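Take a look at the structures listed below.
Consider the two complexes below, in which chain A is the common component and chain B and chain C are the respective partners.
== the complex of A and B ==
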C-alpha cells in the first residue's frame, strides 16, 4: 500500500517539476510548483514525520506560494508568455543535467547504504522541540536563535527594500 | 521507513528533482522562474536530509532539524528575493535577467 502511494507521489512530483520548469505561462509554473511541494509534504507524512509535513504545508504551500502568486499578479499579465532560452541552449542544458543526474545516480546506486532495521518508532513533536531547545551535547539552541534573528532581519530588510525610494526621499 | 521502498528509490526521485531544478535555473530568463527552480532544489535537499536520517539513523533527529532550518532559510530568502524583484520592476519595468544590468546606480 505504502509502496503504491510512494510511486504515485514520485510520479506526480517529477512530472509537475518538469512541467514547472518548462511551462511558458508563469502562473501555471507556480501552481505546478505548488503540486510538487504538496507531494513532498505527502512524502513526509509517508515517512512518518508529521511535524515536518505540517511545516511544509504551512510555510511552503501556505506562505511561499502565496507570495509567489502575489508577486506574479503584481508584475505580469496573467496570460503573458515568458521568454525562454533558444532550443539549442535548452537541449545543451538538458543533456548536461541528464549527465549530471546519471553521474550522481550511479554513485548513489553503487554505494552500499547500511539501512537500520526496526526503525518504526514514531517521532513525537515533543522530542523535536526538546532537542531544538537543549543546550547540552547535540542541542540546537544556537542555530535556533540565529535563525530567529535571521527571520527578523529578513522581514525588516524585505520591508525596507520593497518600499523603495519613497523611504529615502522623505528623509 | 516506508515498507517496501528502499532508500535508493527515494534518493533517485530527489536527485531527479534536483537536476530538474538545475535545468530550470540555467534555461529560464525570468527572475521569478529562476526563484521557482531554486525552491525545487532546496526541497530536494531537505528531503534528502530527512530520508538519510530516517533510513540510516532512525534514533536521531539531526536531519529533521536541518530540514527545519533549510525551510526557514528558504522562507527568508524568498521574501527578500521577491521584495528585490518588485523593487527592480519599479526601476526597470521588467523582471528579465538581462534587465538587471542597470540595477547598480
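== the complex of A and C ==
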C-alpha cells in the first residue's frame, strides 16, 4: 500500500520536475514546481513526519511559491515566452546535469542504507518544541536563537532597503 | 451512562469484516472523501441561501421565498442552472492555468475541512499538528486566486488577484498568531486535545478571559479578511473591478470559486468554535451523556459565528487598501504580539478561570 503511494508520488514529482524545467511559460513552470514541492510534503506525510510536511506546505507552497507568483504577476505579460537557449549552451547544461545526477546517484548507491524499524511512533510537536528550547545535550537552543537573530537582521534590512532615501530625508 | 451509537466505528468494523485490510482502507478513504464532497456541496448551497435570507432580513426585504419551504431550494435551482451553462473563457487566456485555478481553491478548503471535528467521533483526521495543518493548507488557497486572476488576461482580474494576495498574506499572520494565543492556553496543537482541555476547565473564551477575548476579536476580524468578505471585499469590489479575480469565469467554474468562499467562511467559523467555544461540547455539559448531540451543538455554534460574519457584511463600509494595511500592520499585529505575552504570563501565574 505504502509502496504504491510512494511510486505514484515519485512519478508525479519526476514528471512535474521535468515539466518545470522544460516549460517555456514561466508561470506554468512555477505551478509545476509547486506540484513537486507538494509531492515532497506527501512523502513526509507518508513517513508520518506530519510537522515537517506542514512546514513544507507553509514555507514552500504557501510562502515561496506565492512570492514567485507575485513577482511573475508583476513583471511578465501573459504572452511572454522564455527564449530557447543556443545549442552549445544546451549541450553544456545537459552535460553538467548528467554529471550532477551521476554524482548523486553514485553516493546514494554507495551508501549502506539501514531499513528503519516500522515501530517508531510519529514525532510529536511537543518533543520538537522541547528539543528546540533545550540547552542540554542534543538541544537546539543555539541554532534556534541564531536563526531568530538572522531573521531579525533580514527584516530590518528589508525595511531599510524598501524605505530607501525616505528614511534619511525625514530626520 | 453513555448512550453511544458510534456510527463511524460500526461502519469501520463492518468494512474490515467484509473485505481484506488494504482494500477496506481504500474503500473507507473513498467513503470519507465522498462524504466530505457531499458536505462541501450541500453546506455551500445552504450557506448561500442563508446569506441571501439574512441579507434580505437586514435590508427589510423578503429574500428568496418561492422555491421550496422558505426558498430553501432556491440555491439548488441556481446550482442546476449553473451546471447547464456553457463554459466560456477569454480567447487569449492561458487555458491550462485558467482551468486549473478553481481546483486549487477547492482542494485547499476540502483539506481544511478534513481536520474539523463535527462531534467526538465524526472526526476524519485527528492529526498531531491539528491547528498548524489548518494554517498550512489555508495558505494554498490564495495560489488559486492569484493564478485565476493572472491567467484570465484581464486587467480587472489581475488587480483583484493582486489585492487578494496582498490581503491574504497579511491577514494570515494575524489568524496564525491569534490561534497561537489559544495554543499557549491549551498546551497542544491536536484538535481533540484542545477540546479535551476545554471539557476539563471550561471554554477557552471564559478560561482565558481578557487575552482570549482580544484573541477572539482579532481572529474574527482577520478571519473575515482572509475569506475576502465584506468589509474586506476589495478584491471583488463591484463598483471598481467588475467581479475581481473571477470576472472571466462562467458556469460551474465560477460556482467553484463561489462555493469555496462560503466553505472558507464555514472553516473560519469552525476554527473559531473549536478554539474559543469548545467545539462540539454542550454548554455546561448538559448533554454530555449523548455524544451524538455534539454535532448539533457544533453546527449551532458555527452557524452563530457565520451569522456574526454576515452581520459584519451589512454593517461596515468597505475599507480602502491603505486602511486595510494600516489595520493589519499597525494595529492588529502589535496588539496580537502583546496579547500572546499577556496570555503566557496569565498561564504561567495560573490566573486562568477554571470551573
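As a working rule, the second predicted complex is superposed on the first by the 150 of 171 C-alpha atoms of A that agree within 3 Å, B and C clash if a C-alpha of one lies under 4 Å from a C-alpha of the other, contacts with A are read in each partner's own complex, and residues count from 1 in each chain.
Assume a contact is a pair of C-beta atoms (placed from the backbone, for glycine too) under 8 Å apart; a residue touches a chain by one contact, two chains touch by 3 or more.
Everything quoted here is computed from the prediction, not taken from an experiment.
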item: Clash-or-fit label for the pair chain B, chain C on chain A; value: fit
item: Which of chain B and chain C A:66 touches, first, second, both or neither; value: second
item: First, second, both or neither for A:154, with chain B first and chain C second; value: first
item: Which superposed partner A:127 touches (first chain B, second chain C, both, neither); value: first
item: Which superposed partner A:25 touches (first chain B, second chain C, both, neither); value: second
item: First, second, both or neither for A:37, with chain B first and chain C second; value: first
item: Contacts of A:101 with chain B and chain C, given as first, second, both or neither; value: first
item: Partner with the higher number of touched chain A residues, chain C or chain B; value: B
item: First (chain B), second (chain C), both or neither touched by A:51; value: both
item: Shortest span in Å between Cα atoms of chain B and of chain C, once chain A is used as the common reference; value: 13
item: Overlapping contact positions on chain A, where the chain C interface meets the chain B interface; value: 51, 55, 63, 72
item: Touching residues (chain side chain A, partner chain C) in the complex; value: 1, 25, 27-28, 31, 34, 50-51, 54-55, 57-58, 61-63, 65-66, 69-70, 72-73, 78-79, 122, 124-126
item: Chain A-touching residues of chain B, taken from the complex the two chains share; value: 1-13, 15-24, 26-30, 32-33, 35-37, 39-40, 43, 46-47, 50-51, 54-59, 61-62, 64-65, 67-69, 71-80, 82-87, 89-90, 95-96
item: Residues of chain C touching chain A in the complex; value: 22, 25, 92-94, 96-97, 100, 127-129, 132-133, 135-137, 139-140, 142-143, 146-147, 149-151, 153, 158, 161-162, 165, 169, 172, 188-189
item: List of chain A residues in touch with chain B within their complex; value: 2-3, 6, 10, 13-14, 17-18, 20-22, 26, 29-30, 33, 36-37, 40, 43-44, 46-49, 51-52, 55-56, 59-60, 63-64, 67-68, 71-72, 74-76, 82-85, 89-90, 93-94, 97-98, 100-101, 104-105, 108-109, 113-116, 119-121, 123, 127-128, 131-132, 138, 140, 143, 147, 150-151, 153-155, 157-159, 161-162, 164
